[in-house]
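Heads up, the next two complexes both have chain A, just with different partners, chain B and then chain C.
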Partner chain A sequence: MLFASKEFLFFFLPLALLAFHVARHISNGKIAVNILIIFSLIYYSWWEIEFLFLLLLSVSLNYLFLRLILLNSSKLILAVGLLFNLGLLAYFKYRNFLIENIELLFIGSSHSFEKFSAIIIPLGISFYTFQQIAMLIDARDGTIKTLPPFLNFVQFVTFFPQLIAGPIVLFKEVREQIEALQKNQFDGLNVFGPGLAIFSFGLFKKVCLADTIAPFADLAFNSHQIISTLEAWAGSVAYSLQLYFDFSGYSDMAVGLGLMFGVRLPFNFDTPFRARNMTNFWKSWHITMTRFFMLYVYSPIALRLGRFAQFNLKNIFLIFFLTVLTPTIFTFLLSGLWHGAGWTFVMFGCVNGLALVLNNGWRMLKMPKLPFLISWSLTMLSVLISFVYFRSESIEAAHNFITAMFSIEHFFFPNWLELYAEKIGVPWKSLPVLSGGSYSVKFLIILAILSVLSVRMPNLSKCYEKLKPSWTLASAIAFMLIMSVGFLDRPKVFLYFQF
Partner chain B sequence: MKDGWRKFFLFKLPVTLAAILILIEALAFALEEVRPNRHDLDRLAIVADYPSEAIHSKIIVFGDSVTQDVLKTFKIGVEGQVTNLTTNKASGIIGSYLLLSRYLQNQPTPKTVVFAATPEFFAFSPDGDVAELYLRSVFHHEDEKEYIDGYLGEQRSAPSMSLMHLEGRIGTKIISVLSPTPVKFPMGQRVPDTTSLAADANVQAHVLDDILKRAERPIVIPEKNSNVLSEICTLAKKHKFNIHIVFAPVPISLFDAWKKNGIFASFLTQLRYIFKQGCQDVAVSLETTLTVVPDYMMRDADHLIRHTGTSFFANRLNEFVAKLANSY
Partner chain C sequence: MQHDAILHALTVIFQEIFDDDDISLKRETTALDIEEWDSLNQIKIILACEKVFDVHLKPREISAMENIGDMVDHLHTLLSN
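Entry: the complex of A and B
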């Protein structure tokens, strides 16, 4: 049951809102929070009920670890807790990948993959595992000082708006909010109103923008033929926009839903395509994930290596290698793997890591600041290349795609421009992604509109306090809701191209 | 502020929601008569709906995308001799029948109607979203709607709020209004090349895989398509034209497989039976041999590579048309 589905919009959400707010009014906040937990568990079990037990096992054991850590601040318990969480993730998400690669390394071929491939990855396991890992580390570091009641902890992990795709929330961010909700302290329509606005905005981004460009991007990446330069560029930009509007739309919906239930979740995107360097890009793309990796992976490594370098090294390049390159690449390789168990994701992390290292190296060497257009173009180029790896089915497919982007040999005009192509002496052929004139014009118009929107759209999740109950906001919400509902059921693939 | 939000939820939001919904309905109503202009079949249906003095072709060609590829690029026959009504497989033989009916109501009667397509074209029957996109939303005359309902075996769903059909009732209609109205049937102007060999003689592995998969799929003409073919014969009898069926070139691997598994032979038997039953007193000429091309002439399992493969087919069609014209 995705947020952008009829069963969620017309059945689950109204029912959950009604039950929660009625309980708040006629009973008390505690009952309302408990009702919310029940709805979150129903929401999670909608896909596969057996994974609900895994979620509950993970929550229960992590609560036990938390309790023990808070009792004696034991490093050992933290280690056991981390091992349990990472083990869970490794078993369910990375087992096939690990076995396949170990076999490939030692035997030369993999046979176990098919045997294990039937195992489905439990929904949201990366998100709820990371939230709990962060909580255990925070408890050991003393950021979390007291043990919350069990149900508050369950509410934190299972809160359905953020359960399956983030944002990755830290316990300290929501602890007081959950306690306030239990005391029935809810800012009523002052947060519900902006919540609805942000939710509508996110729904619109997902249904009307991301799903509109998705079939074009799919065509480019699913094409069996070697595509041309124009198609590769159009396809990679289309996919980047699809990914942005899809994920940021989903994150906005989560923030909006959170507010409708009285919980302020952190925002996850901040117009990343405006970034003029890779550091800024990662500060505005999947912000809560970047924060997790910075806080719990990068910083501890960089700190330790930095201390070592400070006392033991003099060579500037060695210091750079140890304090910047090593922690950055390691962090981004892990972040790539977090996105998925595959080499394409590792490469996604690698490209981003290298781009960040270059970015930091440039700054450390005190090189001149590049003009905006150049620095922005270089940043977007790195992002586009990393997204090609992210979207491609294999490393080979990604390399073919990137080759098509940069190779003059693959430059062809589409056949419907053959007259112009022959006039100016450019080769032409039938291009699967830009196959028809009117279709290609439509594609390019959508691409242009979405490109502008991706840098010009306001970030409501960031500044919802400023939203006023005006006629403009009412019209905007009404328009976005109506458009989203209207486009909810449209086919996600181009029927035109099946024949 | 809380009062402001209360007023927002009780008054402003419902009013704007209602206003936009009314606006959508009004817009959909205003655009109701606009014919969509999304794909080639839309454009053919629009042109066929209005009498044109410029059209006096003796030969009409129907077919799927393999033939369409050729006729949209190359000039077939001499000027004005051939009308191109090729569509693609999606609208099926029923799409061709409805288009032919429209054409015959408004344009001079041809002497010959040619179906030049892959064998699968005759067996394909559109349904679901495909039928919506290529039949229901294209053919809007009452008799056409009735015929489509009968073919699909289901009534079209009762009219619902335009909100649920934003793309079909408003989006595509606005694009149609902004697009130039099609006024003539498309025909390519390029002269086909005479060479028949492609520069690259290697068939791509995925193309060969797809060809072999195509070879395994049986071709069974459903009863409803048999009925459509009989209806075409009824039109032929009424308007006194004859029918020719020719097949698009097939790759050698497909030809060999069909020969081995008897799929094409079985298909021909079905077609012969249908014409025998439903086309008495109508001159139907059925091509019984397939033209074979090397596998590397295919850009996918069905389509010929441009322009070597398509030129080859274009030359064949030109020869065929010339032969027909000589026989009048």
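Entry: the complex of A and C
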């Protein structure tokens, strides 16, 4: 049951809202929160009921680990907890990948892969596992000092707006909010109104923008063997826009839904395509995932290596290698793998990590600040190349695509421009993807509009407190909802659900 | 070491790390106020604080703080113990 589906919009969501708010009014906040938990579990079961047991096992055991860590601050219990969570993730998400690559390494071919390939990745496992890992580490750090009631903990992990694809929420961000809800403290229309606006905005981004550009991106990536230079560039931009509107749309919907139930979830995107360097890009793209990796992977490693370098190294290149390159590349390789068990995701992480290292190296060497257009172009180039790996079915397909982007041999002319090309004597090659004149014109117009929107659209999830009731806002919400509902029947899937 | 002295020492650390003599820290200053405050620079801040104040900081301590005021208070507590 996707957020952008009829059963969610016309059945599940109204029912959940009605039950939650009626319970708040006629009973009390505690009952309302418990009803919310039940709806979250129903939502999760809707996808695959057997994985509900896995989710509940994960939640129960993590609660036990949390209790033990808070009792004696045990490093051992934390290690066992991390091992359990990472083991669960490894078994369900990386087992095939590991077996396949071990066999390839030692035997030269993979025999078991097909046998194991039937394992389905439980929905949202990467997200709820990470939230719980963060919580255990925070408890050991002393950031979480007291044990919450079990149901508050269940509400934190299973809250359906963020359960399947984030944002990755820290317990300290929602703990007091859940307690406030239980005391029946709800900000009424002050949060419900903006919540509805942000949800509509996110739905519009997903259904009307991401799903509109998706067929063009799909066509380009499915044609990687025959694609021309222009098409490859257009295809990579199209996919980047699709991914942005898809995932930021989903994240907006999550934030909006959270507000409708009285919970402020953190926002996940902050107009990333405006970023003038890779650091800024990763500060504004999938913010809660970046935060997780920076807090729990990068910082501990970089700090330890930094301390070692401070007292033992003098050579600036060695210091750079140890304190900047090593932790950055390691963190981004892991973040790539987090997105999926495949070499294309490893390469996605690798390209981003290397670009960030170059960015930091430039700063450390105190090189002059580049003009905005140059630094922005270099940033977007790195992002586009990393997204080619992210989208491609295999490394080979990604390399075909990137070769097409940079090979002058594949330079283009659409066949409807053939006559002009011949007239001025330019050697030409027809465009297999953008072959039809009307098709390519339509594509380029959509591409241009979405490119502008991606940098100009306001980030409502970030500044929702400024949203005030007005006829303009009401009309905008109505327009976005009508448009979105009109497009609901198009086939779709949220790209980040697979992670 | 008093709060003001810690704030002054932190300002010098920040000016050096961000290569900007115009940085003037206040208790209300946050990471959002300094454009280049990222994970790498945060590690540099921790390392510099450890060296200058002779304390041991945990990797996530600074992230958990809301502003420079929290950082000054935390360093003051560590230095007083």
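Basically, the second predicted complex is superposed on the first by the 483 of 499 C-alpha atoms of A that agree within 3 Å, B and C clash if a C-alpha of one lies under 4 Å from a C-alpha of the other, contacts with A are read in each partner's own complex, and residues count from 1 in each chain.
Just so it is clear, a contact is a pair of C-beta atoms (placed from the backbone, for glycine too) under 8 Å apart; a residue touches a chain by one contact, two chains touch by 3 or more.
What you are looking at is a predicted structure, and each value in this text was computed from that prediction instead of being measured.
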| item | value |
| --- | --- |
| Which superposed partner A:D141 touches (first chain B, second chain C, both, neither) | second |
| First (chain B), second (chain C), both or neither touched by A:M347 | neither |
| Partner chain(s) touched by A:R490 [first = chain B, second = chain C, both, neither] | first |
| Chain B versus chain C as contact partner of A:S475, first or second or both or neither | first |
| Which superposed partner A:G306 touches (first chain B, second chain C, both, neither) | second |
| First (chain B), second (chain C), both or neither touched by A:L189 | first |
| Between chain B and chain C, more extensive residue contact with chain A | B |
| Interface residues, chain C side, partner chain A - complex | 19, 36, 38-40, 42-44, 46-47, 50-51, 58-60, 63-64 |
| Complex interface listing, chain A residues touching chain C | 137-138, 141, 143, 279, 283, 294-296, 298-300, 302-303, 306-307, 310, 323-324, 328, 360, 363, 366 |
| Residue ranges of chain B touching chain A (in the complex, touch as defined) | 1-2, 4-9, 12-13, 15-17, 19-21, 24, 39, 64-65, 88-90, 129-130, 133, 163-167, 175, 179, 204, 206-207, 299, 306 |
| Residue numbers on chain A that touch chain B, as the complex places them | 188-190, 192-193, 224-225, 415, 429-430, 438, 442, 468-471, 473-475, 477-479, 481-483, 485-487, 489-491, 495-496, 498-499 |
